[in-house]
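Presented below are the structures under discussion, each in the form of C-alpha cells.
Shared between the two complexes below is subunit A, which pairs with subunit B and subunit C, respectively.
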Partner chain A sequence: MSEALVRSDPIPAGPFLGRDASLKAAPRLARYVLRARASAAVEKVLGAQIPTAIGGFANGVACLGPDEWLMFASDGRESPVDESGSVSVTEVSDRSVGIILEGARAAEILATGCPLDLDHFAVGRATRTIYETVEIVIVREAMDRFHIEVWRSFAPWLWTALTTAATE
Partner chain B sequence: MTGYRLPTGGRIDRATPFKVRFDGRSYSAFAGDSLASALLANGVQLFGRSFKYHRPRGIVGSGSEEPNALISVTRGPGRFTPNLRATNVEVYPGFEAESQNRWPSLRFDFGAINDRLGMFFPAGFYNKTFMWPRSFWERLYEPAIRRMAGLGKSPTEEDPDHYSATYAHCDVLIIGAGPAGIDAALEAASSNQRVILIDEQDEAGGGALADPALWPWLARSMKALAGMPNVTILTRTTAFGYFHDNFIGAVERMTDHLADIGSGPREKLWRIRAGEVVLAQGAIERPLVFDGNDTPGVMLSSAAKVFALRYGVAVGRSVALMASHDSGWQDVFAMAKAGVGIAAIIDVRDEVDADLRAQAEELGIAVRLGQSVIGVRGRHGVTAIEIARNDGGASSTLACDAVLMAGGWTPTVHLWSHSKGTLAWHDDLGAFVPDVPAEKARCVGACAGLWNFGQGLTIDALPTPKDKARIKAFVDFQNDVTAKDIRLAVREGFRSIEHIKRYTTNGMATDQGKTSNLNGLQIASTALSRPVTDIGLTTFRPPYTPQTFGALAGHAKGSLFQPTRKTNIDGWAEENGAVFELVAQWRRARYFPKAGEDMLAAVNRECRMVRSSVGIFDASTLGKIEVVGPDAAEFLNRMYTNPWKALEPGRCRYGLLLKEDGFIADDGVSARLAPDRFHLTTTTGGAARVLNMMEDYLQTEWPDLNVWLTSTTEQYAVIALQGPNARKVLEPLVEGIDLSAEAFPHMAIREGLICGIPTRLFRVSFTGELGFEINVPSAYGRALWERIMAEGARYDITPYGTEAMHVLRAEKGFIIVGQDTDGTVTPFDAGLDWAVGKKKPDFVGKRSLARPDLVASGRKQLVGLLTEDPNHVLEEGAQIVADPKQPIPMTMIGHVTSSYWSETLGRSIALALVADGHHKMGEDLFIPMPGKTHVAKVSSMIFYDAEGARLNV
Partner chain C sequence: MILIHCPYCDEQRPEIEFANAGQAHIARPSDPSAMSDEEWEHYLFIRANPRGRHHERWRHNHGCGRFFNAVRDTVTDKFETTYKAGEPRR
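Entry: the complex of A and B
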C-alpha cells in the first residue's frame, strides 16, 4: 500500500483579506446530523447537554429544528453511537465545508445575500438560512465572527460571492 | 441674465462650470444641475417626441413625475441607458445624452406625420385596424408599429458594469426625505430605533430644496441625522416597490452621477424589511387639460418654481400662469421675487383669496379671473396663448414663452397602493388620500393629503368655446392620450376605469399615471355623469419608476449567476480534457476526447473499453439519502413500488418512485446497511425533489413512523468502476472486503477500507457489465480516482463520461427518468411491471394505477426501435407514425426518447414511447424527417446481453 490519500477541498485555505473583513476556510471538522423525537435521547447518546430551543448552540451542537441537531466535533472523534433506536446518527463530515467570516464588516457582508436580521442574531446562536439561493448554516461565534457551513459543491460559488462582497 | 440662468440663487455650484452634450451639441452647465435644468438654462425647450403622434415635447415636471423628457445617456461601449427622465439625470463634465423617438432629428421628425393624421388614430385604433388579415400581424403590422411608436432603443452590447445587492432591516423606514419625511426620521431616531431614510433625489430635502427659507433648517436636520449611528440615509435611491410584510425594494444609484465611475458597483439593490414604513413621498401637481397643453414650454407651476429656486433657471422670460389652485399663485410670487418675468396670472375661478390678489398687485402681476387658456401658439415652443372668459365672449392673445399649469395636487400613493392600503376620496382636496393600511405603514405630509398649498377648484378640463372633438387637450403626455380619447372610450361603452385605461392606454407603462390618473378619472366621471368614487382608481404597479435589469439582478451575473456545482473529481476531468455538460446545477464530464477524436469517436472508444476491459466514471452527483430509524424499511415499503421489508442488510434493490398520480417520478438503487439504516440513491436532478417528497410524506402522512432522512449527496464521492476487469483493478486497493462473486454478488453492498479510507462499496451496474460503485468521503474523491487510474493502467482503464454512460445503459434497456419518461408514464408503460409489488397493500401511487385511463389500452408504452438502415441514428424527439402515406397532418403515435450509435452492436439503437407499443413487437413504424422517411422495427428494449450473463461474474 502506498501513502495515504490526500484530501482536496473546494475553497482556498485563505485567508482572503477584504475591506475590514477576512475570509478563510474553517479547520477540518467531524459533523453528524442527529435526529430524535426527544432531546433527552440525544443527550444520553452524547453524554452532554444540547440546546433544546431552535437556534440554540452549545457544546458544539446546533439545534436546527424541532427534532434536528447538527453536531460539530474535532476531526478524528469517534462517531456517536445510539443503541436505543431512538436517535438517528448520520455522518456528514465531508458534506459541507466551513468558512470563517471575520472582521468589523462581517455582518454587513453576510447581509448582502442573507435575509436574516443579523442585528437580532446574538452571539452563540446558530441557524439554517440561505445566502441568495444557496442553503447555509451560520453560527455567530462573536459579534464580528461567523462560522458559515455550506455544502461542498456550493462552496466555490459562496466563496466568490462573499469575497466579492468583501471587496465592495 | 445669461441665457435663462438667473444671476443668483439656487443650490448649483456656480464655481464649477463645465460642458455637457445633448444630441451632439454642447451646452454649459454647473455642478448640481440636472440635465433638464442645464438645458433649460441654455434656452432649450424641445426635449423629445411623443410616443404615438411624435409631437414635439418639452419639460413638464422637475422630478420623477416627468412624462415627456425621456432621453438616452451614453457613456461608452455597453453603457447606454434609454428612457431616463432628463429631470432626474445629474450632469457631470463630459456628460452625453440624446433624444429619443425621432428620425432623422429632434426638430425635423418624419414620424410627426402621425400628428397631422391624428384624427385617424383614435383610442383603440391599433386594436381595430390591425386585426385583419391575421397573418399580417407578425410580419408587417407589429414590426412597423414597433419602429414608429416607441421609447428608447434597447442596448445591444453586454453591460460591463457590475451591481451590488444587500438585505437590510430597520424599525422605521421612511420613504421620501422632504420636510415631513425628515421630521419623521428625527422623531423615530430620537427613540433609538433603527431608521433608514431614503430619497430618490441627489440630496435630501424634497420640496424644501426649492424653498430657500427652509435651507438652514434642512442643513441642521440632515446634519443631526447624519450624526446618529442608528440612522442610515440613502439618497439617489428609489423605493420602487412595496411587497408583503413590509418588504421594500429600492435601488441606489452609485456611479451614474459621477464623471469617473471608478470600479465600484453601478447600482445597489436594497431589499429592506421594515418594522414600520412611513411614506413621505409628497404630492405631484396636476396639469390642466386644454388645447395645446403639450406644447414645449407648458409645464407644471411647481416644476418652474423648482427650476428657479433650486437650480437658478428661469423657464421663460415672460411666463404666464394658468391656475385652478392657489399654489400656483405662491409659485409665481416666489419666482417673480427671484427675477423671473411673469406675464399674467389666469385663474379659472371667479373668486380668489383677497390676500393672493393683493400680493399679485404688489408685485405688479396682471390677474385675469374667470378665464381659461383655450389654445397655445408655437410648435417647438410657446410663443403666445389664447385666453377666453369662461362665460363666453371674445378671446384675446397674450404673448409669452412659458405657461405654467397649477391644477391642484395628487398625493403620491403608488407605494401605498402596492401594499394594498385603501384610498378614500376627499372632495375638498379633489384627490384620493391614503385611508386604511394593509401593512404596518402610515403616510405623512403631502402624501397623506396634509399640505398647506391653499385652496383649489377640481375640474376635469378647462372650459373652451372650441369644438371638443377637434382639439388636442392632453391628459397622459407619455402615452399621448387626449381628453377626447377618454370620452370616446366612454361613448364606446367602457365604464370601468380599468377598461378605459387599457383602451386608451391612459396611466400605463413607465409613467404609471403620475400626472394623468386623476385628470383621466375626472373626464370619465363627467362623461359618465357619475361621481369619481363610482368609477374607481386604476391599480398602481411596481416599479414606481423604471429600474435597470442590472440592479434587479444584483450580484447574479457572470460566475455568480447561479452556482455551478462541481464534484471533487471535476478538476481531474478538466485537466484531462473532458467536455462538460450541465445536469441540473451540476457540471458533469460528457466525454474525454483524445487528440483528433470527435464526440462519436470518443464515446465509441469509451464504450468499447467498458465492454472489453474497464471504465471509470464519476457518479458523485447521484442523489443520496440516508434513511435511519426502526421504521426505515416500513417507510421505504410505502414510498417505493416494490417490497423492501424483506431486503437483507448488505443487499441492494432497484427502487421505483411514483407520484400520487401513478406516474414515474424517480428511480435509483438503494442499499440496506443495517436493519435500521438504508443508503438511498436518486437521479442527479431528482435529489432535492425526492428528499422533499419523502420528507413531505413523513411529516404529513406518517408522522407516527420513527424514521429520519438526511441528505448525504455531498458526503460521498462516488466512483463507478465498470467492465470485466473491474474486480481485478479493485482487488489490490480494498481491505476487509471479499470481492469474490460468491461473497459479494451483484446488487450487494459491503463496508470496508479502500486505500485506507472507509468506503461503502456497492456492487451495482448501470452498464450491464461487472461493476462497482465506490463511495468515499468527498474530499478523498480525486486522490482515490488517481490511485485507481494508476492501478488500472495495466488494463487500459478508460475514463468515460455521461454520453457513454447513456449509450451503455440504453444497450441494456435501462431507462433514464425524465428522458425516457415525461411525467405521464406508468411503470407498466415503461415495462417495469416487475418492479411493482403486486401483493403490497399500498404504496405511493398505487391507487392511481387502477384508474381506468391508466389501465386502458392504447397508452404510450416504452419499446425499442431498430432502424431498417443500421447506420442511421434517429433524432431524439422525432415523431413516429404508423402509415407514412396518410395525408398531412399525420396522426402521430409516439416519439423517440433515446437514440444512439451502439458501438457494441455495430448499429443504431433507439427507445421510443409508442401508443400500444408492447403489442407492436416486430411491426414496422415510420419516422418522417425532412427529406426522408425512416423505417424502424419495434423491438425489445434490451439490445445486449438479455440474460445478464456479463453481470453475474
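Entry: the complex of A and C
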C-alpha cells in the first residue's frame, strides 16, 4: 500500500502568471508562534529585536497581537528555546502555506476578498485578516508584493479565488 | 461595511474581522454555591436587551484575537466607543 502514497501539495508548484500579477508558492519556511506577556522575554529568546506594535514586522517576526508573535525562519532552522519559562514556543511550520502575490495589480487582486484598506497598509506591515471567509496573515513586502499565509486546508480554495481574480 | 475601532490594534478595522460576544460587564459570582437557583439562572441566562445604548463584548478574532468592550447603539448600529477589557464601564 505504501508505494501508492504520494505527497500532494495544496497549491501548484508552478507559478500562475496573469496580467500585471503573478502568484506562486512561497519557499518552504519554518514558522513558530511565540506567546509571552512581555516582548523583552521574546527578544531574549530570539536574540534579536522584534516589533512591539501590533502590525509590525521585523527580522522575520510579525507582531499579531499584544502577546502573540509569528516568526518566519528558513526551513530547517532549529526551534528557539526558552529556558526562563516565560515564552511559549509552538512550531507551526506545516500548519500553513505561503503564497506570494506580486505585480502592479497585487493590491487590487487581494482587495477582491480582503476588506482591509490596503491603500493605507504600508510596506513592511503584517497583520492577520480575512479573505472572504478564510483567515489569512498578510505581510506587505513591497508596494506590489504580498506574502499571504493561509492554513493548508484552505490553500486550494484561496489559490483558486486569487487566480480567478487575477484572470478577471 | 462598518468599521470598528480595535483598542488593541488602535485601528479602524472592517466589521467581518470581529465577532460579537454578548453583553459586557457581567461579573462571575464569587460564591456560586451560596446562590439560589433564581439568582444563578439570572447570572447565566438573563441579559439586558436595551433599545439604544448597549455595552457589549466583541472579539477581534481575525486580527489580534483580543476581547474588548464596546458601546453600540442597537437602533442605529453605530459604535459610540470601544475600550480594552478590564477598563471601567463607559
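Note that in this section the second predicted complex is superposed on the first by the 160 of 168 C-alpha atoms of A that agree within 3 Å, B and C clash if a C-alpha of one lies under 4 Å from a C-alpha of the other, contacts with A are read in each partner's own complex, and residues count from 1 in each chain.
FYI, a contact is a pair of C-beta atoms (placed from the backbone, for glycine too) under 8 Å apart; a residue touches a chain by one contact, two chains touch by 3 or more.
Since this is a predicted model, take the numbers as computed values, not measurements.
Once the two complexes are laid over each other on the shared chain, residue contacts for A:115 go to subunit B and to subunit C alike.
Contact with subunit B, but none with subunit C, is seen for A:157 once the two complexes are overlaid on the shared chain.
Legend: residue contacts after superposition of the two complexes on their common chain; A:129 is shown touching subunit C, with no touch to subunit B.
The wider contact with subunit A, measured as residues touched, comes from B rather than the other of subunit B and subunit C. Contacts of A:64 after superposition on the shared chain: subunit C is touched, whereas subunit B is not.
Once the two complexes are laid over each other on the shared chain, residue contacts for A:52 go to neither subunit B nor subunit C. In the superposition on chain A, contact of A:5 is made with subunit B only, not with subunit C.
Subunit A residues in contact with subunit B (one complex) as well as with subunit C (other complex) are 115-116.
In the complex of the two chains, the subunit A residues touching subunit B come out as 1-2, 4-10, 33, 35, 37, 67, 85-86, 88-96, 108, 111-120, 132-134, 151-154, 156-158, 160-161, 164-165, 168. The part of subunit C that touches subunit A in the complex is made up of residues 1, 8-11, 13-17, 62-66. Partner subunit A is touched in their complex by these residues of subunit B: 164-169, 194, 264-265, 271, 273, 555-556, 559-560, 562-568, 571, 586, 626, 628-630, 676, 706-708, 710-716, 755-757, 777-784, 787. Listed in rising order, the residues of subunit A touching subunit C in the complex are 54-55, 64-66, 68, 115-116, 127-130, 135.
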